[in-house]
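To start, the structure under review is shown below, and the notes come after it.
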Amino acid sequence: MTQAPLISGRSLTKVYGHLIALRDANLAVMPGEARGLVGSNGAGKSTLIKILTGATAPTRGAVEVAGEAAPLGDPKEMIRRGVACIYQHANLAPAMSVMDNLFLGRQPRQRFGLLDRARQRREALDLLERHGVDLDLDAAVGALPTVQQKEVEILKALALDARVILMDEPTAWLAASEVAKLHATIRTLKAGGVGVVYISHVLDEIFALCDTLTIMRDGCVVAENTVAAIDRPTVVHLMVGEKLARESDEAARQKRRARGSGEVRLRASNLAKRGVFKDVSFDLYAGEIFCITGLIGSKRTELVRTLFGSESFDSGSLEVDGRPAAFSSPSRAIARGIGFVPEDRRREGLMLEMTVTENLAMAMLDRFRQGFMLRRGRMVEAGRKAISSLSIQPPDGTKPVNLLSGGNQQKVLVGKWLNRAPRILILDEPTVGVDVGAKAEIYAILRRERDRGAAVLVVSSDLEEVMTLADRIGVMVAGRLVAVHDAEAVQMDEIVREIGMETA
Amino acid sequence: MAEYIKGWAGRRTFLKGMALGSAALASAGTALLGDRSVDGLGVARAWADGSRHKMAFIQWQPHTVPAAWSKGIEDVLKPQQVIDYELLDGQNKVEVQASLMDTLISQGASVIFLQPIDSVALAPSIAKAKRAGIAVITLNIDATEPHAAHVEMNHYYGAMDIAKAMGDHMGGKGKVAILNAPPGIIIRDQRTNGFVDGLKKYHPQIEVVADQVADWDRKKAQDVLHTILAAHPDLGGVYGVNDSMALGAVDVAKEKGLIGKLVIFGNDGEVAALESIENGELTGTQYTDVYQQGRLAAAAATVLATGGVPATAFAHQSHLLMPYIIATKDNVGSIQPSQRW
Amino acid sequence: MTLRPATAALIFFFAATVAFFCLTAPRFATATNAENLMSGFSFAAILAMGEAFPILARGIDLSIGAIVGVVGMVVFDLTQILHLPGYVILPAALVTGAVAGVINGVLIVRLRLSPFIATLATLAAFRGFVYAISGRQLVPGLTTTPITDPWITGLETYFDLGGALGLTNFIAMPWFPLSFFLMLALFAIFQTLALATRFGRDLYSVGGNAEAARLAGVNVNRTVVAAYAIAGFSAAVAALIMVARFTTSTEALGTGAELTAIAAAVIGGVSFSGGIGSMFGPALGAFLLGAVLLGLTLMGVPQFVQQIITGLILLAAVGYDRLMALARQRRLASNLAEAA
Amino acid sequence: MSAGGLATPAHFRGWIAGNALLIAILAIVIVFSVAQPAFVSPDNLIGIVRQVALFGIMATCSTFVIMTGGVDLSVGPVLAIAGLVSYYSLGAGLPLVLVIVSGLSVGVLVGLVNGGLVAFLELPPIIVTLAMLGVVRGSALILGGPEQHLIRDQPQYTFIGAGNVFGLPVPILIFGATALVMMFVQRRTPLGLLVAAIGDNERAAYLSGHRTRATKTLVYAISGFGAALAGIVQSSQVHTALATYGPFGTELDVIAAIVVGGTSIMGGNGSVARTLLGVFFLGVVNDGMNILNVPIDIQLMAKGAIIVIALGLAARGT
C-alpha cells in the first residue's frame, strides 16, 4: 500500500434532519481495484456514493482524490478530477438525444463557443463501438426502453474516461446478457488501472466481479475484507444481522403448494395485445404463488397490467372466479378483489410526501368512509395494525413515506392491499432495490397471503427470488408464455435455458 | 397646459348649465348643417353610385361612457344607409389601439372615431391616417397630432369645478379623500390634477388626506373608503375619479349613516349617478351629455366623410367643446331623460 | 427531433389560417395588411421568444409585461427628463431589462421560489416601480411631449425592400418595419444560442432533468438565471420598439403582454414539461395570433367574439400537441414490439 | 422545482411555512397599529374581513386545484359572468333561490369544462384555464355588453352583499361558511385525502383504484363554484352586474394568497387553513397600506417584496 488510493473518503457523516444516513464511514479504492459495496437499503451506500461524486456535501468528513483533498458537494469538480458515477435512478434528460445525454454538460466546442457537432458524433460513435453497444444517437432518450436508458447512463459514465467509476446498482434493470457485457467492460477498465466501486444486492455479481468488499449496516461500515477471504453467509449475516438472516433461511426451506387449493381464481385464455404479447394462456389458483419470469422487455409487466385493467388487451378472454372480466380501469379490478403492486414504487406506487398511514389507507378509502365523512380514527387504527404486522421501520404512522428505506417503502406498498384481503394479489418485481432482510420479510408476507387462500402472481427477473418463492413458475419470452413448471419439479438451469432459448 | 389657458374665458362661458349648453349645441349643429348644405350632395352621390363609407370607433375599453358615445354615433350614422359603422375595443392597451388604427387605415375607412388612451402614443397612428386622407375625430382625449376634430368635455377644468363645488358644500374646510384609478391613462391624470389644483385655487384650507387607488371599481372603492374612514372618522368629502367609485363611496356612507354628512362627488354623470343624486345620496358629479357628444361627432364625421373638408385641411383642427355642468340636487332635475345615458 | 412534427404542423396551420383569411377577409391579402402584421406583432414575437427560455428551463416568467413597462418608463425618463442622447439610452434600456430578468432568476435559484410565484411577485413589484419612477407623474407637462430622439424614433422606420429590389413593378410589396428585422436578428441569435451552444444544451438538460444536469456538472443556477435574463432582455427590446412606435411611454405599457407571450410560446410547441421546443415556434405563434386578430377584425367579427376564438385556438394548439405526444407513444410501443 | 424539495418532510416544511406566516401577520399588525392606532379598531378589523371575503371565497375554493398540481386562471371572468347571469335571472323574475342557483351553475359549468380538458385530455392546466379566461370573458361581454346593469329594488338579493346578521355583514358569513366547509372537506372526507394524493402522485392514486380524472374535474368545478359565488356576492354588494368585473390580476391575487399560505404550486402538500392564513396576510397588508395612505407604487413593490420574503422564509425552512 505505497501509492495513494484513487479516491478515499474519511470519517464521512451525513445527517438529514433527524435522520443520520451515514456515520463515520471510510472508503478507499486503489488503481485496478473493484470494490464491492453491500448492505441493506438505508444502510447508507447511496449516500456514501453521492458524497464521493460531490452530488451532496457530507455533514462532516473529507474526500481525497489521488491523495489531494477534493472540494465537497461539487459534482463538476469531481468529474474534472476523473470521478464518474452510474447512479441507481437514471439521470438523463428525456427529451434530448442520446448523443446529447452522453455528453451532458461537456459537449465539445469549436470557435465562438458553438458546438462541434461533427466531433461529438465521432466521439459518440467511437464510444458505442468501443463498448459494443448499439444505440440510435439521435433518438430521444425518453423514447427508449428502460434497458437502453440504463445503457446510455452507463456509457455516459464511461465516456468520461474516468479513473474511478462508482456504480450504484448498475444492473438493477439489466437482463443477464447486458450484465455480462457490463462485467466484461468493468474487467477491461480494471486492467487499465481504473478503480471501481460496485453496489449490488445480487451477491453473485459481487463475488464474480469484485476483489474487495465493504459491508455497511445502519449508516456504518461494519466490515471490510477481500472477497477471497469471506463467504456468502457471513456477508448476509453481517448485512442483516442475526434475526433476519434466520428468517431468510427458513424462507428458503418452505414447501411448495402448486395449484394451491385447486380452485381457479383467474383464467387467461389466448390473451393478446397487438405488438406486445400474444396467445398467453394460464390459470392462477387460489392458495398458490405463481411467478412469471423472463428478461426485461419480455412484456411480463405489460401482461400483468392488463390483468389489473390499467392497460387493455385486444383479443382473448379473461375470467375471474369463472366470470368473464375485462377491466376498463383498476377500480373495476379492485372491486373484483384484485390488488396490484407496481414495479416502480417511487413513480407509480407511493405518495412520497404523505404519511405511512395515509399510504396504507390509499387502496381502501371506501372502508374508512361513512357517507361523506372520512373516519380518521379507523384509518389510523388500521395503519397501526398494518405497521406492526408488517414490522415497518420506524413504526411511526405519521412519518412521510419518503423518509423510509426502500425495503420499508415496499412493505407499505404491499401492506396497503392486505387489509382488503385481496382474492388475487399481483406484484411486479416486488423486491427490486430491496435488501436481503426486507426481501425475506416480504416473502413471508406473500406466503401468509397465500396460506390465507389468496392467489398470488409475482413477476420477477431475479431467478434466486423465483426459485425461493414460487409454487409454480411461468417463463415468458418476447411476449409469449413459453413454459409453466411446478417449482418442485424444475431446476434453475432449465429455466435459465428456456429464458435464453428463443432470444438467442 | 398653455393651450388650456388661452381661450379660458371662452370656455368659462360654457359653464352655465344646459340652457347655454343646448344653445352651443345648436350653433355647432347649424355650423355643420351649413357645411353639409354645401356638400350635402356628397352623401347623395354615395347613395347614387352605391359606394359605401366605413366608419369605426376605437374605444379605450368596455365602459359606460364609450358605450354611450357609440350609441350616439350609431343613431346618427345608421339612418344614412351608405355608412358601415362598427365599435372596436382598445382593451386599455395603446398597442391594440394602434394596431386597430392600422387595420382601419388599410381598410380605407373614411372616418375614425378614437378615444385615445394617450395623447402622444396615438399621434403617430393619427398622422398615418391623415397621410391616407382619413379623418380622425378624437373623443374626450385630445391628441398632440392635429387632426380633423376633437370632441371633449374638459377633464382638467371639469375636475377643478368639482373641487370648487365640493369645497362650497364642505364650507371651505375639512378633509377629503380621492378614490383614484391606477396610472396609465391620461384622463386619470387630468381628472386628478384638475381636482387637486382646483382645491388649491378655490379652497386652500381643504386638505387631501388620502389618495388611494380603487381601480375604477365600485367594490374596491367600498373597501378602500372603509379603511380610510377608520383612519379619518372626521372625513368631510370624497372625490371619485369616476362615478362607479363615487357610488362605492355612497354605499359606505349609507351603511355608516353618513349620508348628508359626507360630501361625495363623482365624475362622468352616468345615469346611476344622477339617480343617486336625486335620491340625495351622491352630492354631485360632473355631467356631460356623452350621448350628445357621440351624435355631434357623428354629424361632423358625415360632413368630413362626404368630402366636405379636404384631408389637407385637417391641420386646423376643430374643437367641439361639450358643455358640462356640475350636477347636484339643485340642477339634476334639469337633465332630461333623453339626455341621460 | 421531438418537435419536428409540431413545427411542421404549426407552419401548416399558419399557412391555412392565412389562406382562409385571404379568401374570407376583405383586404387581408394586401401589402398594407402584411405591413400591419409585421409592425404590429414583431414585438409580440420577440416577447414570445424571450418567454420561451424560462419555459424551456421548466419555469415561466409572468413579469415580462411589467419589465416592458419598466424599460419603457426608464427610456421615457432618460429622454424627457434627463435629455440623455439615444446612443446612451439604448444600451441602458437593454441592461435594465436584463437586470430585471436577473432579479427574477436570482429569486428563483437563491430563495428556491417556484418561478410562477417569484415572477408573480416581481410582476407587481416592477409595475409599482414603473409608477414610482413615472416621469408623467413627476412632470405632468411631459404627458403631451413626444420623444424626438432620433436614436429612439429611428427604431420605427420602414424599408421599401420591394422598391429597392424593383419588385414593386410586378407586385405591391409591403414596407418592412425595422422592428421586423430586429425580430429576425434576435431569432437568429436565440436559435443559435438554444440549439448550437453549450448554454443551449445546458438549458435543455436543466429543463429536461435538472438533477441529471447538476450531476453532469452543469451549473444549473447560472443557466436558470441566464434564461430569465434573456427573457428580460427580450422584453427590453420589445419595449424599445413600442416606445419608438408611440413616441412615448405610459405607466400601463406592456400590461398583460406576458399572457400573449406565453400563449404564443405554447402555440409554438414549447412544452411546459421543459426542454422541448425552439425559437421558431414562439415567433410564428405570435404572428399566427396576430394574423387571426387582424383577419377577424377585417371580417368585422366583434372583438368579444375574437377573445373567444383566440382562446379556442390556444386550446386547439395544446390539444394537437397532446395528440402528437400520444401518437409518438403508440409508435414507440409498436417499434418496441417489432424489436422484441 | 427546488432541488432538495422532495428530500424534506412535507409536514416540517408546512410547519415552518404556516408559522412563519402567522408570525409575519402578527408583526405586521403590530407595526401598522403603532403607526395608526385606528388600524386595530374593531370596525377596521371587520372591514378587513369584509375586504378579503370575496377573494377569500375564491382562494379557499381554488386551493384544491393548486393541491392537485393545477391552476385556475379563469376565476376573474367567471366572477363577472356569474353576476350577469344572476342579474338576468333576477330580471326574468325568478325566485331568489333559482337566481343564485343559475349564477352558481355557470361557474360550475366553466369549472367542469376546465377540469374535463385538464383531466381527460390531459392538457396543461395553465393553458386550458388561460384559454377559458378569454372564452369566458368574451362570452360575458357578449352576454352583458359593456354597460353596467343596475340591480334595483331587489332587497332580498341586495341582502346577500349588503345585509347584516348578528351585526356581521353577510359576505363575511358566506366567506366563513365556505372556508369551514372547505376545511371540513379537506380534513374530514376521503376527497380531501384523495386531492392530496393526486397532487403527490397521480399515477399511484390511479393504480390504487381511485377515479383520479373525475376527482380532478370535480376540483375545478369547485373552483368555478367559488368564483361564481364571489361574483354573486359582489354584484349584490355593488348593486351592479358588469362584464368586465374581476379584471386581469384577480386570478393572480387568488393564486398568490394560496401559495403565500404555503400550499405548494407543484401540488401535493397544502391546506385550506393555510390558504386562509395567506388570504388574511395579504388582506392585512393591503388594508394597512391603505390606512397609512401609502401611494400605489410603494404598495405594489411592498406586495411583491412581501410575497418573496414570506415564501423565501418558508423555503429556508426546508
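Observations, loosely collected:
Residue numbering begins at 1 within each chain, and the chains themselves are lettered A, B, C and D in the order written.
Everything that follows uses one rule, which is that contacts are C-beta pairs under 8 Å (C-beta built on N, C-alpha and C of every residue); 3 or more make two chains touch, one makes a residue touch a chain.
Everything quoted here is computed from the prediction, not taken from an experiment.
The interface holding more C-beta pairs in contact, when C-D is weighed against A-C, is C-D. Chain centres here are means of the Cα atoms, and by that rule the chain farthest away from subunit D is A.
Computed centre separation for the pair subunit C/subunit D is 30 angstrom, with centres defined by C-alpha atoms. Chain centres here are Cα means. That of subunit A falls 43 Å from that of subunit D. Per-chain Cα centroids separate subunit B from subunit C by 35 Å.
For subunit A, the set of residues that touch two or more other chains is empty.
Shared interface positions of subunit C, defined as residues touching 2 or more other chains, are 131, 134, 211, 214, 255-256, 302, 304.
Residue numbers of subunit D whose C-beta contacts span two or more other chains: 141, 295-296, 299. Under the contact rule stated at the top, the pairs of chains that touch are A-C, A-D, B-C, B-D, C-D.
On subunit A, the positions that touch subunit C within their shared complex are 53, 55, 75-76, 79-80, 85, 87, 91-97, 100-101, 104-107, 109, 113-115, 117, 138, 140, 143, 145, 156, 274-276, 297-299, 478-479. If you check the complex, the residues on subunit D that touch subunit B are 36, 38-39, 41, 43-44, 47, 50-51, 54, 141, 145-148, 150, 162, 234, 237-240, 243-245, 247, 287, 290-293, 295-296, 299. The part of subunit D that touches subunit A in the complex is made up of residues 6-12, 188-194, 196-197, 200-201, 203-211, 268-269. Against subunit D, the residues of subunit B that register as touching in their complex are 59, 61-64, 66-67, 180, 182-183, 209-213, 215, 217-219, 222-224, 226-228, 230-231, 233, 244, 247-248, 251, 255, 270, 272.
For subunit C in complex with subunit B, the touching residues are 26-27, 30, 32-33, 35-36, 39-41, 43, 131, 134, 136-137, 140-141, 143-146, 156, 242, 245-248, 250-253, 255-256, 293-294, 297-298, 300, 302-304.
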